[in-house]
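Shared between the two complexes below is chain A, which has chain B as its partner in the first and chain C in the second.
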Partner chain A sequence: MRRTFWLAIAIVLVVAYPWVFSTPFQQRLGALVLLYAIAASAWNIIGGYAGQVSVGHVVFFGCGAYAAMGAYTHFALSPLVGLPAGLVASVAIAAVIGVPTLRLSGHYFSMATIAVAELARLIVTNTDYLGAAVGLSGPTVPRNVFDLSFISALPYYYLFFAVLAVTLAITWWMTNSRMGFYLRAIRDSERAARSLGAPASRTKLYAYMLSAGLTSVAGALYAMMFGFVDPDSGLGLLISVKILIMAALGGAGLLFGPLVGAAILVPLEEISNSLLGGKGAGLTFVVYGAIIVLIARFQPGGILALINRLWAKRKTKQESKQGAADAS
Partner chain B sequence: MLLEARDITKAFGSFKAVDAASVTLQQGDVLGLIGPNGAGKSTFFNCLTGDLALTAGKVFLEGHDITNRPPEARARLGLARTFQVPQTFEGMTVLENVMIGAFLRTSHRAEAETKARAVLARVGMERLADAPARSLGTPGRKRLEIARALATEPRILLLDEAMAGLTQREVQLAIDLVRDIHRSGITLVIVEHIMEVIMSLASRVMVFHQGREIAHGTPQEVTSNPAVIAAYLGTRAAAKVAAGHTPIELMGGPAT
Partner chain C sequence: MSIVLVQVIVGGLLLGAVYALFSSGLTLVWGMMNVVNFAHGDFVMLGMYVAYVVYTLLGGGPLLGAPLATLVLATLGIVVYFGLIRDVMKGPMLAQILGTFGLALLLRYSVFWWFGANFLSLPGDLVGGTFDVFGIRIEASRLLAGIVALLVTFGLHLLLTRTTLGSRMLAVAEDSTAAQLMGIRPDSMQAIAWAIAAGATGLAGALIATFFYVVPTVGETLGIVAFVTVSLGGFGSVPGALIAGLLIGVIESLSGYLIGAVYKDMVVYALFLGFLWFRPQGLMGKT
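On to the complex of A and B.
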C-alpha cells in the first residue's frame, strides 16, 4: 500500500519534471537520465540480480545504435525499423558470447566481456559498411514523425520514460518468477543452487540475452536522439563503465537502483562537462574511479540499499517505542 | 536397487582420492560413510552428487546411468544433498532459501512459498521464515541446508557432516530430525565424524581409508573390525582392543 503510494508520487514527479524544469538543457538532461536508466536497468538483470559483472555491455548498446543508423544510411528506412533488428542481433550475439564466457567465474567473466567489447570496437572501426572511424548518421532533416528526429528533447523524454517503464516492468516480473529466484541463488552460491536443481548455465544465459536485448534498445534510442553513432559513442568502453557504475551506485540488484544512480551521475557529468568544456573529458574518468572506490569501500549495496537499511532501522525503533508505550 | 556406484575412481593428478569404491543403496537404507580425515569419503560423496566428474567408474540411479549427469539433473531425479560448509544464500530470507528448493517441482511462486513454509514447519523453523538467512548461526544454517534439500522432494538425501560444529544438545535434536526424515521414506547417505551419530542412525556403514573401502557392514561389525581400528587408531590401539578394551570407546563413541 505504502509502496504503491511512493511509486505514484515518483511517477508524477517524473512526468512533471520537464514542465517544471523547462529549459532545453534541463529537458535534455532529463531525457539523458532516463536513457541511461534504461541501459543501467538492463545491465542490472545480469550484473545486479545474477551477479555476473559484464563490462562489455557496450557491444549490445552499439549493436542497437548501429542497427538504427544503418537502417537509415543503407536502406533509407526509419531508424525505428533498425531497432528490432538490433535487438535480435544483440540477443544472438549474447547467446554466442554467453555460452563460453558465462562458465567463467567472477573477474574472468568481466575480463572476457571487456575483450569482446574492444574487439567489436576494432572490427567496426575497420569496417567501411559501418562507417569505419567516421560512423553512421541518421536523417539530417526528419521526413516524417517516424524518423524520431526532434529538435526539442521533450518527445524523447516521454519516449524514454515509456521504454524505461517497460524495462522495469519486465525486470519486476522476472524477479518475482522462478528465474529471478534462481538468479539470486546463483549469485550467492552457484554450487548450492545447482544442487537444488537450478540449471545455472541456462538461467544465466537467458538473463544475459534478456539484458542484451534491452541494452540494444537503449543504444538505438541513443542514436536516434543524437542522430549519429561512431565507434567512440557507440562502442567505447567508457559507456560500459558508465552503465555499470550507475547501477552499482544506485543499488545493483534493486529494481530502482539504476534509475537512482543515473539521476545522480548523468547531471554530475553534464554539469562538469559544461563547466570544464572539452578539458572535462579526462576528469570524468577520475570521478568514475573515485566513485568505484567509494562504493566498494563504504556501500557495496549502493545508495538505495543504504536508504532501505536506514528506513528499516527507523521502523524497528518506532516499533520498539510503540511496544514500550503499550507496556507502560 | 535405488542407487549404485560401481568402481568409482577419482584422481587429482596422480593422487587417487578415491580408488575403485563401490556401493549399493536400497530403498530405506541409512548408509554411513566414515573414515579418518582425508580418507576420501567427501570425495566419494561429491562423486555421487555430480559435483565432481569421475576419473573412472559409473553411477546408476534405479538402473539408469547418471554418470555424466550434472548436479541439477540429479536433483531432478530425486538426489538431494547438504554441504559440509553451509552454502546459505546470504542475500535471501530463510523462506526464500527453501523456496529455491521448492521451485524444482513447481514454477509458481505462491505454490513454492506454501511448500517452503510447510517444510520449515517440519524442521521447526517456521518462526524464522522471514528472517534474513545471514542472521542464522551454525545450527540454524545446518538445519536450513536440510530444509532446502527436503523442499526438492528427494528420494535420496546425502548429508555431508550435517552435525559438525553442533553442541551435544543440538546434535541430539539433529538426530531426531534425521530419524524423522528417514521415517518419511527418504533413503539417506551420511558422512559424519561423530561416532555417536553413525551408531544411532546408520543401518550400514562403509569405512574409507586412503581412498579405499576397507570395511563395510553394520555399525557393530565395522567398529570391531581390526582393520578399521588400525586405520583410526594405529596398530597399537588395535592390539589394546584385542586385549579387551571396547573399540567404540577408543574411537570416541559412547562408553556403554
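On to the complex of A and C.
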C-alpha cells in the first residue's frame, strides 16, 4: 500500500518534470537521464541480479544504434525499423558470446566482455559498410513522424519514459518469477545453486540475452536522438563503464537502483561539461572515477541500499519505541 | 627467412619483454590475493608520463626517469593497497571491479586533464640512435628497454622463489591465516606485493616511453595486453608471464607486419578470447 503510494508520487514527479524544468537544456537532461536509466536497468539484470559483471555491454548498445542508423543509411527506412533488427541481432550475439564467456567466473567474465567489446569496436572501425571511423548518420530532415527525429527533447523524454517503464516492469516480473530466484541464488553462490538443482548456465544465458536485447533498445533510441553513431559514441568502452557505474552507484540488484544512479551521474556530467566547456571533459571523468572509488570503498551496495538500510533502522527504532510504550 | 622478418621478430621480442615486465606485476597481485587490478594498464601509462615529466622538466633521460618512475609507482601501489584494495578485497566482487575501474578512470583522466589528449613523445635519440647487428637494424632505446625488462622480470622470479621475502609472500598467497600463525603479517606482504607490482609497471612505462606514443588512453590497450599475457601465462606465474609476454610481442609485430598495423590489436584480442574459451587456466597454469 505504502509502496504504491510512493511509486505514484514518483511517477507524477517524472511526468511533471519537463513542465517544471522547461528549458531545452533541462528537458534534454531529463531525457538523457531516462535513456541511461534504460541502459543501466538492462545491465542490472545480468550485472546486478545475476552478479555477472559485464564490462562489454556497449556491444549491444552499439548493435542497436548501428541497426537504427543502418536502416536509414542503407535502406532509406525509418531508424525505427532498425530497432527490432538490432534487438534480434543483439540477442543472437549475446547467445554466441554468452555460451563460452558465462562459463568463466568472476573477473574472467568481466575481462572477456572487455575483449569482446574492444574487438567489436576495432572491427566496426575498419568496416566501410558500417561507416568505418566516421560512423553512420540518421535523416538530417525528418520525413515524417516515424523518423523519430525531433528538435525538442520533449517527445524523446516521454518515449524514453515509456521504454524505461516497460524495462522496469520486465525486470520486476523477472525478479518475482522462478528465474529471479535462480539468479539471486546463483549470485550468492553458484555452486550451492547448482547443487540444489538450479539450472545455472541456462538461467545466466537467458538473463544475458534479455539484458542484451534491452540494452540494444537503449542504443537505438540514443542514435535516434543524436542522429548519428560512430565507433566512439556507439562502441567506446567508456559507455560500458558509464552504464555499469550508474547501476552500481544507485544500487546493483535493486529495481530502481540504476534510475537513481543515472539521476545523479548524468546531470553531474552534463552540468560540469556545460560549465567547464571542452576543458571539463577530462575533469568530469576524474570526478566520476573518484566517486566510484569512494562507493567501492565505503558503500559497495550503492546509494539505494544505504537509504533502504537507514529506513529499516528508523523503522525498527520506531517499532521498539512503540513496543516500549505498549509494555509500560 | 628474410632479414625483414627477423627484424620484425626481434622487435616483437624486445617489446614483449616489456609486456612481460608489467604483466608479471598483474600476475603477482592476482595470484597472491585474487584481486584483478583493472587500472594496471593505467599504472604503466602513469610511468610513461613520469618519464616524460622527468625528461621535459629535469632534462634527464631513462637513467633518471626509470628509477624515479619505479619509485613513484611503487609508492602509489602502497597507497592504493592501504586506501582501497585492503577493504574491497573482503567485499563483493562488484566492489573490486568497481574500485579498480574507478581508479583507472581517475588516473587516466587526471592525466588527460593535466596534459591534454595529444600524443606526446620523447625524442627517439634519447638513448643513442640505431645500430646494425648482422644487417638487422635495432633501435638502442628498444634494445635497452627489452634487456632491462628481461633482467628485471627474471630478477622478480628469483626474488619470489629464492629469497625469504619471496617465500613469505608465497606463504600468504597459499593460505594467509596459516601464514599469520607462522608469524608472517599478510598485510605487510600484500602491501609489498602491490609495491612490487606497481613498481614494475612504472619501470616498464619509463622504458617504453622512449619509443612508444605517450597518450592518456594508452593504458586501456596496455591493460588488455597485460590481461592477455596473464591469462596466457597462467595466473600467478612470473615465468608464465615472461614466456607469454614474449610470445604476444612476436605475434603482435608479426601480424602487424603480415596483415597490417590496424589488425595487430584485433589478433591479440581474438587470441585472448580463444584462450579463455579453450584453456582458461593458461599455457602453463594448473587447473
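We take it that the second predicted complex is superposed on the first by the 328 of 328 C-alpha atoms of A that agree within 3 Å, B and C clash if a C-alpha of one lies under 4 Å from a C-alpha of the other, contacts with A are read in each partner's own complex, and residues count from 1 in each chain.
We take it that a residue touches a chain if its C-beta (ideal position, glycine included) is under 8 Å from a C-beta of that chain, and two chains touch if they have at least 3 such contacts.
Quantities reported herein were computed from a predicted structural model and do not represent experimental measurements.
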| item | value |
| --- | --- |
| Touching partner for A:118 - first (chain B), second (chain C), both, neither | second |
| Touching partner for A:245 - first (chain B), second (chain C), both, neither | second |
| Chain B versus chain C as contact partner of A:184, first or second or both or neither | first |
| Touched partner set for A:195, first chain B, second chain C, both or neither | first |
| First, second, both or neither for A:110, with chain B first and chain C second | second |
| Touched partner set for A:271, first chain B, second chain C, both or neither | neither |
| Which superposed partner A:290 touches (first chain B, second chain C, both, neither) | second |
| Footprint overlap on chain A, comparing chain B with chain C | none |
| Complex contact set, residues of chain A against chain C | 47, 51, 53, 55, 100-101, 103-104, 106-108, 110-112, 114-116, 118-119, 122-123, 125-126, 237, 241, 244-245, 248, 252, 279, 281-286, 288-297, 300 |
| Sites on chain B touched by chain A in the complex | 49, 51, 70-72, 75-76, 80-81, 83, 87-92, 96, 99-101, 103-104, 107, 109, 112, 148-149, 151-152 |
| Chain A to chain B touching residues, read off their complex | 176-178, 181-182, 184-185, 187-189, 191-200, 253 |
| Complex interface listing, chain C residues touching chain A | 36, 38, 83-84, 87-88, 91-99, 101-110, 112-114, 117, 220, 224, 227-228, 231, 262-263, 265-266, 269-270, 272-273, 276-277, 280 |
